[in-house]
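Each of the two complexes below includes chain A, the first together with chain B, the second together with chain C.
Right after this comes the complex of A and B.
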């Protein structure tokens, strides 16, 4: 077990008139190698929750363990924890500051005190992971890039720390469809090729659901559903609609078919799955 | 990261009270009167009366005293510092001696007077910002400054700049916190090292902060132009400030109290 959360509660501005309870009694376990989606509406506490994972926020009550180490114990080296858990913030392109992309990606390893040779190796490796050509990009200014490229540099600057787990807060926000698909496929590659534990945070079901293997649905500071996307779409479709999240279009389509009396499986995630399912029920051979 | 949350400067607390509903011009002028008289008073009894007046105003404003007194926290050091300087540095009748350090009666009196002065000064100004929304505060400043228009004072522009600055303080604080957290997640360390290292460690915060602030300023300017903003000339107000009976009464009361206190004590 990699991360273990027990009865986590968190209240902003404790003891002040603007006091708000953001997290209510969160219990969660994340294993090594998992690929998780964390979905919920704006303001439901997703970002607050993930900031607990690497000790940026301390819970008002409850216990967090990372690889068996209790983060709230005195004397715990949080820098070590932050090295294990790479947290990519929303709009990470807003945190770039170095003169060149090389320096930007080298920031983390340099802070770890690595020798220059190892730093360069890590920068090459990290840029390759996000599909940026080292020779073309290393000496350019990060501020000369497009939005999608800047985001990938920011992602590389986390990957260069070699975290064991990667948490991304709305990695696709404000990107065009192509940029979105690119970054998602890179994250998928990082997960499958390097066995990285990944948590994707989003408020949008589309795309995320077909990428991840386990889905956590948050609503008003609580995790209300925790299951595979297929199971959730099949069994908890009503709950998703009730909390205002809605279903991906194809899934909704399948639910409507079912409501009309067609006996189809509703846990589909992609258009291809849906096509196969419909053709199967119509007893027609699958073309292509 | 808790540091950034404790700044209470300019934090308006909305309530429905006599103080809140006063005309901002009256509030600003009354504060000025109190501040001026603070520097004219030379006796404790004067400070006592003025202090009571300010305390009563705080109670009337329905703002929890906790918030008003929180404004003191960042300046507590200065108050204590001046008190200590006065205690040990004034010549006169020695009442306590420890080695070469001696406390004099004159020093004690002077130190306490200055501390009271600062204390009441901060309470008054925090009450002003806590009980007046930034918009009406800048409205009031604009109207007061337009008295000087004949010497070319750009009253509207100054007020607009203040409004914008006040509006973006919380935004920038929030952003600083976010960037700090992002850099900490990347391995930055803001808590250890000597003063030079610490200053150097601020670069990863300051550069993104400035880049974003400039971009935001640019966007704001374009948005304002798109709404046909062209400075103060011929501009009318959505909220017209009107002096009411309570405003006049409050102002007269303040003036009478401050003049009496400054003349008699």
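Right after this comes the complex of A and C.
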């Protein structure tokens, strides 16, 4: 087990007039090598939850263990935990500050006190992981890049710390469809090639469901569904609509056919899935 | 300048009163630049823009044009300035010196249209993203603008917030007869308009009714844009010789067609 959360509750401004209970009794286990999507509407507690994973926030009550170590115990080295769990914030391009991309990505390893030779190796490795050519990019200013590229540099600057787990908060927000697909395929590659444990946080299903293996749906501070995307779309479609998340068009189409009494599989995620299912269930292919 | 960039290149476009057009295109295609030309936030290097017979280059008309063409931007937090919802909507009216009694009337009307009347005394920062964006829309229409330009108004909203905005925009167009220019990345939203303009590198790459534009899947993919899933499915089935119209844009229509075969 990599991360284990037991009865986590969190309240902002405890004892103040604006006291808000954000997380309610969260129980969650994340294994090494998992690829997870965390979905929920704005304000449901997603960002608050992931900030508990590496001790940025301390729960009001409950227990969090990372690799068996209880984060609330006295004397726990949170610095080490934060090296293991790399957190990429929303709009990470806003936190770029160095003069060159090399310096930007080298910042983390340098803080770890590594010698220059090792730092360079880490920078090369991290830039390669996000598909940025070292020779073309290392000496450029991060501010001369496009939005999508800046986001990849920010991702590289987390990867250079060599975390075991990567959490990305809304990694595709405000990118156009191409930029969104690029960053998702980088993250997929990092997961598959390096066995990285990944949690993708998003407020919309757009492409996230087709990318991940396990989906957590949050609603008003609770995890209400935890299953594979296929199972969720097949069995919990109504719940998704009820909490305002909506379904991909092809999934909605299958559910509407089913409601009309047609025998179709409703756990479809992509146009490919839907096409296959329609062809399979056609009484006889009626040609024009 | 050395780094000059041609953001818009020979655009010819006519928008009729009462129309609902959407503009799509990848980042950097010129969508926002085009939008900002519509109410004199930018002036064209070459060419002219006319709003109700007024040239945007005519400095004496700038304020009148801006009153006619309301703007709503991506992030409502950048547009809301007052401490209560109704004060925020009154801000624009105060600036143009509207009488207090009339101001009261306009504020109430605008809040009614965006379905936010019960929140008129609320503090904007306590509202949801969709609600804030509706306040921003109310602020624009309170000036009785005939045209409303919305620049990716749903980019920061969750699915529920997105639907709220699309519903309000459709209502403004149908019931209040406000001409809508709607910029978006989302095809499901563009499908709701009467006419779609696809921009690429500052030029109009495609223009037409949604069913004409979204069925050109290859072109859209080349321009780095999404294609509505349901249209892609319809096209693929059609290619396989199944008698399903390739112009399907809505899930309901697809369900109806498929019912004949399954």
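Everything that follows uses one rule, which is that the second predicted complex is superposed on the first by the 282 of 288 C-alpha atoms of A that agree within 3 Å, B and C clash if a C-alpha of one lies under 4 Å from a C-alpha of the other, contacts with A are read in each partner's own complex, and residues count from 1 in each chain.
The definition used in the following text is that contacts are C-beta pairs under 8 Å (C-beta built on N, C-alpha and C of every residue); 3 or more make two chains touch, one makes a residue touch a chain.
Bear in mind the structure is a predicted one, so any value in this text is a computation, not a measurement.
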Should the superposition on chain A be reported as showing a clash between chain B and chain C, or a fit? fit
Applying the document's definition of touch, where does A:89 land relative to chain B and chain C: first, second, both, or neither? first
Of the partners chain B and chain C, which touch A:112 in the superposed model: first, second, both, neither? first
If you tally the residues of chain A touched by each partner, is the higher count for chain B or for chain C? C
Return first, second, both or neither, reflecting whether A:161 touches chain B, chain C, both chains, or no partner chain. first
Touched partner set for A:13, first chain B, second chain C, both or neither: first
Once both structures sit on top of one another, what is the angle chain B-chain A-chain C taken between CA centres, to the nearest 10 degrees? 70
Which of chain B and chain C A:201 touches, first, second, both or neither: neither
Return first, second, both or neither, reflecting whether A:51 touches chain B, chain C, both chains, or no partner chain. first
Considering only the touch criterion stated at the top, classify A:175 as touching first (chain B), second (chain C), both, or neither. second
Partner chain(s) touched by A:249 [first = chain B, second = chain C, both, neither]: second
Have a look at where A:184 lands relative to chain B and chain C in the superposition and call it first, second, both or neither. neither
Per-pair minimum CA distance [chain C against chain B, superposed on A] in Å: 5
Going by the contact rule set out above, which residues of chain C touch chain A in the complex? 26-28, 128-129, 155-161, 163, 185, 188, 224-226, 228-230, 232-233, 236-237, 240-243, 251-252, 254-255, 258-262
Contact residues on chain A for chain B in the complex? 13, 17, 51, 54, 56, 79, 82-83, 86-89, 92, 94-97, 107-109, 111-112, 143, 157-158, 161
In their shared complex, chain C is touched by residues of chain A numbered 41-43, 146-148, 173-179, 203-205, 244-246, 248-250, 252-253, 256-257, 260, 262-264, 270-271, 274-275, 278-279, 281-283, 285-288
Can you list the residues on chain B that touch chain A in the complex? 1, 5, 13, 64, 178-179, 181-189, 203-204, 207-208, 211-212
